[in-house]
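Two complexes are shown next, each including chain A; its partner changes from chain B in the first to chain C in the second.
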Partner chain A sequence: MRGWQLASFALFFGLWELAGRWPLSAAFPPASQTGVALWQMIQDGSLPRAYLITLQPLLIGVALCAVAGITFGVGMGLSRAVEWLSLPVFIILQAAPMAAIIPLLTYMYGIGLTSKVLAVIMLSAPVIVMNSYKGIRNTNPSLLQMCRSFQGSRTQEIVKIVLPHAAALIFTGLRLGLAMGFIGIVIAELLITPTGIGDLITYNSSVADYPKMFAAIGSIVAVAAVSLHLLQRLELRLFPRD
Partner chain B sequence: MQLRHIAIALALAVSSSAALAQTKIKYALGDIIGIDDLPLLIAAERAKKRGVEVEITSFKSEEIATQAVINGQADVGQGTPYAAIEKVTVPVRFFVQLWSLQFFPVVANEHYKSWKDLDGQEIAVQGRGTGTEAIMVLMAKTHGIKYKSISYVPGSNVRALALIKGNIRASILDATNKNFLLREAPGKFTVLPLGQVKASDEALFARLEYLQKNQAAVAVFVEELVRVNREINKDPNAVVAERKKLGLLKDLPAKLEGEILPYLRDGAADGIFPNDGGGETAARNDLEFYALSGAVKKENPKVEDYWHLAPLKAALSRLK
Partner chain C sequence: MTEVEVSGIRKIYDNGLEALRDVNLAFPKGQLSTLLGPSGCGKTTLLKIIAGLIPRSAGEVLVKGKPVDGPGPERAFVFQDFALLPWADVLRNVAFGLELRGVPRPEREQVARRFIAEVGLKGFESRHPNQLSGGMRQRVGLARALTVDADIILMDEPFSSVDEQTRRKFQEDLLVLLRQHQKTVIFVTHSIEEAAYLSDQIALLSPRPGTVSKIVRPEVDRSKSPDEIRRDRNYLDTVDEIWGILRQYV
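Our next item is the complex of A and B:
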């Protein structure tokens, strides 16, 4: 980590500590107390247990989106008919305020795992599908013409030109889809039934254990940020920018 | 000399009534306004006529409403956040009980018939550390059973719908949703017997500093709340009529309108609306019950660490 990055973290946590000690509000703990609470939750096992519960619907949802979403997006990119049928649905899903829609899932799918997986899918699928679709649609036309002039078949055109060309954008879609998945699962755990990290946030808020509440929130932000950063590094390694 | 005293007394009376006339109590309700809030709405209307405006704001949950009180964004909150009061650095105290716990354990007939059938089964309650969980745990102890797991499903209405849809098989509901469930799915659910549980379901709390500085206004509000409770206990029909007269809950669907009277009548019959604002007796019952639920952790908890009874005493002295 570079010096300026360390300085940025130090400034952030320093300001947080000051605001907590001032105090900004009775419900805003200093960074040091939050850190201690985080350590306590790791040690007593409550945080790891919560993540086991939270990650389950998140991974199932993102995995389903990765398979079905990419297939759909590629299909939309390659076929005008599929595009005509599906594009409006995903544009609407992208624009829809999901926090208002997710609680409605309980009426159809109950309060269990299915609803939470669907919440993840509803947030991450549009991003994955749209990125895959755009990746296919933005294929360099010169490359396609070159393939055709060399008598390449449609299959060769897709496998050798279109898909490799779209791969970087598809991977970006997966990364952004995971980010949206994190948002989806936290909303679901706060709005449907409090489980995992959502339960830690809700419960500690209800008993005014604000350091633990902030620690739970901070931990999910950190897990999401680190996961996305690692995926971005993998993306840069797999698809180096020109 | 005497004239001077009279003049001073008059000036004080005028200034205090003027101060009261400007008083606004910012009230944080951790739920949407429903029929169970009718007594509160009536009391608020009456307090307004006496110069104390109660501005009710609905929050997403009791936790957020409690946070608003702790942070000073709201003056008075509604609920039973004993754990929060115990933990938070700002002194917060309860000052009146609105009504005591009235919950109904409900099971799907297809699967269970009695408490014993719930041994090793999954149940759903409102949330971790809530009164609903405490009741179910208490009943498990009483009947010598152990649940497989306890799920947390906030909202009695959500649990009632989940029971109807078969997503959950055993839960605990408030009176309104128990009635809704039994009406929507007649013969499909059984209400399990529950011993007498004496603890607050909804009580009012505020920062101690606020209560001390605004005792006159708070006492007026408390007086009106206790007055409405007494009217409910005397004649629930009168309260229903008062709702119409004051034009409260105008947008209530006809279906829910019909539930007001049974709710008040059943509540009055079960003695959930205290005629005396709960006071020390309610405080002691709460401390015993919420210690069992795990919300109160302090050993030998004292009433004065959780309740501030001065506004209630002032209100009761005027009501006698």
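Our next item is the complex of A and C:
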């Protein structure tokens, strides 16, 4: 398995190298040049600096979503009134094309950190809320009957059955929320004001330093993929599948 | 002596479907009574009404002579799909009924260990349900029902998700356990052989709406070995008699 994964990476970078050297386009550098550019950007500190800026609104946004989103989702799952009030909002948010709404954020909150945090929240909140909500709602009815048959109280039912049952789905929601957060922060940094990774991408593209531009894009893809993969591993450890 | 009695039970679901009509039954103390009938005859509905898990539309449930309206400590339920907590080990699952009642941990675990051994799962205390076979999972469900020391055990098709060989052994063990603890048992099944093998009293239900069509009391000598019972004249006659009645419904 491990061998095949390595082979798959080798094939991918090999084809990239070939396509870059062909050359397919003047704006398409081979893998080796991109790798060198990546190394330079790490060495001169521009890439780490960019990540410090980019990760800030991402982590603030996802953390806020984790606290408020799980609270909201659990509330919606447990109470019909909260569900009636807020379910439509999140369904609409989930369906709305976010790139169209982000300029509106700039209009209202300017170009600072607030707008970027909000962009992250708007993308990641719906999936976190909906997963918590579904986790609560999908509690095995037979377990609830079992709790009642032993005269468990409503509080015991929630603490000992509903919440542990929903925990796995809530965690999945957090992981998907972080994935959406990555999308949100990159869109925000490209659409609102170029900062962090968004700045490295736009600047290097404008001065036609394509290896650096590709290195910046590749790095954010790699950071997102690796962190989501690690979260998934953690998830499987914490909540083994039946 | 009658331990549980239902009279005039009627159940109409929200969609207008009438599941049970005027059901009157008495369940004698210390005996195993079976509710038997084809699917859709409302036998599980009746059992859950007795358990207080679903509301009835009319009628009365008397437990030890007193009318009841919800679950109570004198009744324990064994579920068709086991209803075990997948994130908890066998020990916690078996002790869960006591946990809900606020019994301190050392005490409830001591009781749980005793019943885990009684149902034949000694050594499996720290396993999780997904590491157990269907038969073993139902043994956990049975142990959980026994720990709360209820006089009445309600069992909803407990062996339907258990394979045939395991089921026979489990049925034999169940008879021994229940007699030893002198429980009053109400048992739902759709298997005629199972009903005839286990029961002191069998209530046959007809479908849509469910009503009691006949009560059969198999005169099987329980002191015989399981294999002898399965060859017993009365046992075989009971199976034939029940089939004669039920065949008109299927």
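As a working rule, the second predicted complex is superposed on the first by the 241 of 242 C-alpha atoms of A that agree within 3 Å, B and C clash if a C-alpha of one lies under 4 Å from a C-alpha of the other, contacts with A are read in each partner's own complex, and residues count from 1 in each chain.
FYI, a contact is a pair of C-beta atoms (placed from the backbone, for glycine too) under 8 Å apart; a residue touches a chain by one contact, two chains touch by 3 or more.
Owing to the predicted nature of the structure, the values given are computational and were not obtained by experimental measurement.
Engineer: According to the stated criteria, A:I70 is in contact with first (chain B), second (chain C), both, or neither; which is it?
Structural biologist: Touch status of A:I70: no partner.
Engineer: Which of the two partners, first being chain B and second being chain C, lies in contact with A:I161: first, second, both, or neither?
Structural biologist: second
Engineer: Should A:L105 be classified as contacting the first partner (chain B), the second (chain C), both, or neither?
Structural biologist: In the superposed model, A:L105 contacts neither chain B nor chain C.
Engineer: Under the stated touch criterion, which partner chain does A:Q145 make contact with: chain B (first), chain C (second), both, or neither?
Structural biologist: second
Engineer: So in the complex, which bits of chain A are touching chain C?
Structural biologist: The touching residues are 140, 142-143, 145-152, 156, 160-161, 164-165, 167, 239-240, 242.
Engineer: Please give the residue numbers of chain A that touch chain B in the complex, ascending.
Structural biologist: So the residues of chain A touching chain B come out as 25-27, 106-107, 110-112, 193-195, 199, 202-203, 205-209.
Engineer: Using the touch definition up top, name the residues of chain C that touch chain A in the complex.
Structural biologist: Against chain A, the touching part of chain C is residues 48, 51-53, 70-73, 75-77, 79, 81, 83, 85-87, 96-97, 99-101, 130, 148.
Engineer: Of all residues in chain B, which touch chain A in the complex?
Structural biologist: Chain B residues touching chain A: 61-64, 66-67, 70-72, 81, 83-85, 87-90, 124, 127-130, 151-154, 158, 161-162, 165, 167-168, 295.
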